[in-house]
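Take a look at this one; I'll ask things after.
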Amino acid sequence: MLINCAAYQGGKRIGDIAPGEISEYVKRPDCFVWVAIKDPEPQEVYAMQEEFGLHPLAVEDALTGHQRPKIEEYGDSSLFAALHVPIVKGDEIEVGELDLFVGPNYVLTVRHRFEPGFQAVRDRAEKEPHLLKRGAGYVFYALMDNVVDRYFPVVDALEVELEEIEERIFGESSPRRNIEHLYCLKHKLMVMRHMVEPLLEVTHKLYGGRVPQICQPVQEYFRDIYDHLTRVSLQLDGLRDMVITAMSVNLSMITLHEGEVTKKLAAYAALVAVPTMIAGIYGMNFAHMPELHWAFGYPLALGLMAAIDLILWRRLRRIGWL
Amino acid sequence: MLINCAAYQGGKRIGDIAPGEISEYVKRPDCFVWVAIKDPEPQEVYAMQEEFGLHPLAVEDALTGHQRPKIEEYGDSSLFAALHVPIVKGDEIEVGELDLFVGPNYVLTVRHRFEPGFQAVRDRAEKEPHLLKRGAGYVFYALMDNVVDRYFPVVDALEVELEEIEERIFGESSPRRNIEHLYCLKHKLMVMRHMVEPLLEVTHKLYGGRVPQICQPVQEYFRDIYDHLTRVSLQLDGLRDMVITAMSVNLSMITLHEGEVTKKLAAYAALVAVPTMIAGIYGMNFAHMPELHWAFGYPLALGLMAAIDLILWRRLRRIGWL
Amino acid sequence: MLINCAAYQGGKRIGDIAPGEISEYVKRPDCFVWVAIKDPEPQEVYAMQEEFGLHPLAVEDALTGHQRPKIEEYGDSSLFAALHVPIVKGDEIEVGELDLFVGPNYVLTVRHRFEPGFQAVRDRAEKEPHLLKRGAGYVFYALMDNVVDRYFPVVDALEVELEEIEERIFGESSPRRNIEHLYCLKHKLMVMRHMVEPLLEVTHKLYGGRVPQICQPVQEYFRDIYDHLTRVSLQLDGLRDMVITAMSVNLSMITLHEGEVTKKLAAYAALVAVPTMIAGIYGMNFAHMPELHWAFGYPLALGLMAAIDLILWRRLRRIGWL
Amino acid sequence: MLINCAAYQGGKRIGDIAPGEISEYVKRPDCFVWVAIKDPEPQEVYAMQEEFGLHPLAVEDALTGHQRPKIEEYGDSSLFAALHVPIVKGDEIEVGELDLFVGPNYVLTVRHRFEPGFQAVRDRAEKEPHLLKRGAGYVFYALMDNVVDRYFPVVDALEVELEEIEERIFGESSPRRNIEHLYCLKHKLMVMRHMVEPLLEVTHKLYGGRVPQICQPVQEYFRDIYDHLTRVSLQLDGLRDMVITAMSVNLSMITLHEGEVTKKLAAYAALVAVPTMIAGIYGMNFAHMPELHWAFGYPLALGLMAAIDLILWRRLRRIGWL
Amino acid sequence: MLINCAAYQGGKRIGDIAPGEISEYVKRPDCFVWVAIKDPEPQEVYAMQEEFGLHPLAVEDALTGHQRPKIEEYGDSSLFAALHVPIVKGDEIEVGELDLFVGPNYVLTVRHRFEPGFQAVRDRAEKEPHLLKRGAGYVFYALMDNVVDRYFPVVDALEVELEEIEERIFGESSPRRNIEHLYCLKHKLMVMRHMVEPLLEVTHKLYGGRVPQICQPVQEYFRDIYDHLTRVSLQLDGLRDMVITAMSVNLSMITLHEGEVTKKLAAYAALVAVPTMIAGIYGMNFAHMPELHWAFGYPLALGLMAAIDLILWRRLRRIGWL
């Protein structure tokens, strides 16, 4: 679905143009075209391929919309980028994709499966003509910056999640639920890492070494994005490490808890076994058992059982088994 | 077994040729020969060595058919490639091999142990003469692309397998079967990784840095293959990570389950031990035990046992031990 | 809050200057301005941006005060550095940040969230004009050296903490507390590593390879800092390794301890079960049980029970179960 | 012990020569000397040092015969190589060493501790004068190829060993033996890895980058060796990964098995405890217990016990505890 | 404490000189000064700084004597090296340090905390004037070689220690002691690794790539040291791997042993529980229990108990529970 198709001149919006007019505007040296498509039909993209003269491999990639994050140069003056956007759905993180075609005087974005779009980026850019004047490289930066900024709240939420699980682990509640949550958290971390790591690698090339021509005027801005990505990546690494540790801690806590249950059971068993033994003794059929004939033999026997149990109970309490 | 032996000119098929004529056609500058062999007899390969002038080391490799995935240059203008093809057989992944000899105007494929072959690739190429015109490099790409596309369904199936095991782990059924499945899955992942990783490494050289002459006209296509391989590799890495985690989760679940069994056993033991103790007490032989002479002593005793067990049963139920 | 704003000439302090005069002094070739700000208000930083002509991206970074450790060059002659300072608060390590803008004849420090500041560095520098004469590079070194020196006592404290936990583990006390402490220690190590590792990486560039112009006269000093960082990093790596090992040792100790408890329980159970069995035997109602009619039958039976228990007790003691 | 000392000309053996004549033959430009020593006495090696003019450090290395695998260049035209040969002795892998001195027209091999030697290599080389003509580089390749070929059967045997252990693990037999075998297998893998990894690294330099002059004419052959080494290395990596996994699987199986034993024990305990409780009840001494006076009271009681046990036994069987 | 201060000319010792004369001798082009200090007082080192013209940062390092292993160039013609020497004290490895200042015609060694010193190196060097003639680089090599040779016996001792623990693990004795020993061994390995790894890294630069001028004449000797270090490092890696494995094996053995104890306990419990049940049955008070009135009822009952226990005992023995 075509969302936006506008031409700009000197940093200012000339107005919306028809898709068929794009190739004309792209030819004008002082003009700049910015087109946004969402969940595209094949023919929409093929039309754009014709207007902008896009490379068939990149077009095919944008149509499938399931690329790993990457930034590829085609020739000297155009780029194709695939960026991933996290979509939090309940307990899963799904992956949206933004495909970008960037040329000397155009930017074409193809958005797959996620909301909201980048109207806010366009609005802000249109309010700052001096930035928009810098051309396609700047728009590319602004869109990528917006994408990377969407990673932070997701990773922060994962950190909060881990903290909640940690509390439960040391509070000894619901080890089974903890295991499931940790597993699920680990999975989400993996999804995020696959989103961030490949991007980190390619972003590095946008400001250091052989920088693509389009990005050269704004390469310090790309260093800023690289910085943000590194921070996300560090956070993810740390989280991963702690999740693994938390898993092993949880296992230790389960083992420990089991040991405590065993002790408790043994303590209760002792409280029952000792009176049973005494009762057994006074259940023997010896002809000469003087206690049996005492007037208070029975209450004394019961008292003995109670007394021994009381003493046992106190000692077990003291050593922490009850 | 010789499968196919055809000559092409200007992107169009001239016709099948006899193996003995190959060297003639290869000499013609505008001609292109594409030969396919399957599970070869030594003499077939030696005949081809003569016709194409292949390097003895590469020929030896193609005969054994048990190479690690690799792409080697021989001199300036010819390549030898060994690609692995996964063959899913029940619960195992076996490894087929496709050996490729690529020269300026020929492609010789030697297929080992797997079906189906590459007739589809040939058919499609013959329908698109403008692509076939690009020569050996393009055919090499088309074959390699086909091989790499065979990795995706296998890896996707492994992902589904893991999801099934996950469900069983958290559904607490059959931990023994889970262990075996996870171990087997781990093994299959290793087989796939050994298929993909070495290829990933060498494919990189087909589009970046010093690209072999034959691949230069289509190097952007090889970047596309590299991309696909990276995606498979990422998937495999993620799977591996989750399998290891699932193994440790399974162990935690087993330990946890054992603890629950212990508690259940203890609960039942209590339900039997307490009446036994009471019976023991009323089995004592004291001369003066007033209860023994009550008319309703016996039913009262039985009632006491039942009552205590009922109370115990309820409490144990409440704390989740039963 | 502005802490300090002084101009220097030939290594000597001319005196405090008003923030509005900074740009004047910076223009004088023989002058050097050193400004310190703490937990800044945005307008303070914007004012400094104007006076010193700082890059907007760096200024934005300094305002947020949550960067990963980094050192960035802007143009040929100015640097922006973000260094982390550990703040030990009870059982947590929080992260303070020192942002540094370094130009040919100025140093601007923006301190976030931590005490004490760097008055000591300034005092020492002012007492050694021959060092201060070397200019901004030297001041940058002196501040960075002070920051890195703050890592050592923190890491040493973590080492002491680990040793205490080790003692408790092998002394078998409070495994639950040990797990919590180890987890917490692991977390603190991660915080420290995230502080040190990125810095290590960038410091390397200040003395080897393409050294920024400002740092060239004092690059051997930066090698010294790099050395200190490497030492901290090695210590952290070692600690991390041992913490992981200690965790697994703790689990082994728990399992071992549990086994010992089981044995102890079994021993006590035996001491109760055997007399119960004997009592059961003499509680049988056979008409002809000669022992029952012996005069000393009862004391003999009790004696038998005691004797067997004594023997059992001794044997259990000997094999270490009691 | 001197095994062989022969001179070659134009790929053909001239004949055996006395060790003292070596230096003469080495000086002739068209001659080539190939000497083999086994478990050498120091004086033998020193004599060779004199004849060939070997470097003292390399000679010292060859005498001790306990080097890590390496290939070192001395000057522009001579090499010293130390290769490891696995010696399978029962359940251990010992390490033999082949030290090679290679110069423009000589090869000196010093074999330590292993059999068989390299007579087969020499025989084959003498039958193919066109290969032997290529000189020292080719002989070096032929010997190294023979050494590397000795790795395959050893690694394959380790794979078979792992498969046997796997079967036993999942067949649940002898966990103790499995642990020992896995540990021992891990150790053997380490020995093999230390043999292969350092060699892999240095072999890479024999065909890519700055290739030593002696190896240049046959560098494609060294690529073949590198290929073989990579395959061994991949196999070892895979084995290592699976051994670690098998260890953790074994622990899971042990834990699982223990849980099953616990359940079985509990089931048997229940079959004994319930009749004991019933017997206890009918052992009570209440004056009015009507059942006690029934003519069939006793058989009924026994029947009750048997009936309950039968029901219990069936249920326990159904849930798999017996 | 000054240990030695001698001047050499043409490889021969001229004689001991006073510390104050050093600067004179260093100026003479054909002279060479070799000074050794042990556990120095600050003023000693400052005096040497003056005489040799040492860099203040290196001097500070040598005074503290707690550097990580490193080799640093100062200017074109002088080096500072810090090497670690293991000091085995009971069950701990402490770290001694040798600091070396090496210039075109001097070597100054500062030894910290360890014995014996390097008199043996000096003696041997003085006996071989042709080697000593090569100058400071050779002396540097000889000292470093001596330091590295001190690593081997320590690492070999650790290997023996591991073997002893392995035997105990599989001999099933004292798991608690094994855990402690393994932990302690792991710690010692870490100490050794921190000693060797940084050195390995820097030594590489002394023979490959841009070699410092002083080391150039003897760079093949430094390759030899690098070789020794690599061997130590490989040994340490292998040890580390096996220690981790041994830890997990030990845990498995503990778990296994526990399972065996459980079975044993259950077996004994059965031997007591069954007679108790039989005794309970014959303790019932039914009016009509024919066995009770048999003359041999009692011995028969006892016989029954014994018989069942005997059968049980045999079966339990056969399945290995007793």
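A, B, C, D and E label the chains in the order they appear, each numbered from 1.
By definition in this document, contacts are C-beta pairs under 8 Å (C-beta built on N, C-alpha and C of every residue); 3 or more make two chains touch, one makes a residue touch a chain.
Quantities reported herein were computed from a predicted structural model and do not represent experimental measurements.
Q: Where the contacts of subunit A and subunit D overlap, which chains show up?
A: Both-contact set = B.
Q: Starting at subunit B, how many touch steps does it take at minimum to reach subunit C?
A: The fewest touching-chain steps linking subunit B to subunit C number 2.
Q: Same or different, please, for the subunit D to subunit E contact, judged on whether over half of the interface numbers appear on both copies.
A: different
Q: Taking each chain's centre as the mean position of its Cα atoms, how many Å separate subunit A from subunit C?
A: 26
Q: Roughly how many whole angstrom separate the Cα centroids of subunit B and subunit E?
A: Subunit B and subunit E have C-alpha centres separated by 41 Å.
Q: If a residue has to touch 2 or more other chains to count, which residues of subunit E qualify?
A: Residues 248, 251, 255, 258, 262, 269, 273, 276, 280, 283-285, 289.
Q: Could you classify the connectivity of these chains, where an edge means two chains touch, as line, ring, star, complete or other?
A: Shape = ring; chains linked end to end, path closes on itself.
Q: Round the ring, from subunit A on through subunit C, what is the full list of chains in order?
A: Ring order, starting at subunit A and heading to subunit C first: A, C, E, D, B.
Q: Show me the residue ranges of subunit D that touch subunit E in the complex, using the header's touch definition.
A: Answer in residue numbers: 55, 57, 67-68, 70, 72, 74, 175-176, 179-180, 182-183, 186-187, 190, 194, 198, 247-248, 250-251, 254-255, 257-258, 261-262, 265, 268-269, 272-273, 275-276, 279-280, 282-285, 289, 291-298, 301-302, 305.
Q: In the complex of these two chains, what residues of subunit C are touching subunit E?
A: Listed in rising order, the residues of subunit C that touch subunit E are 166, 170, 220-221, 223-224, 227, 230-231, 234, 238, 241-242, 245-246, 248-249, 251-253, 255-256, 258-259, 262-263, 266, 269-270, 273-274, 276-277, 280-281, 283-289.
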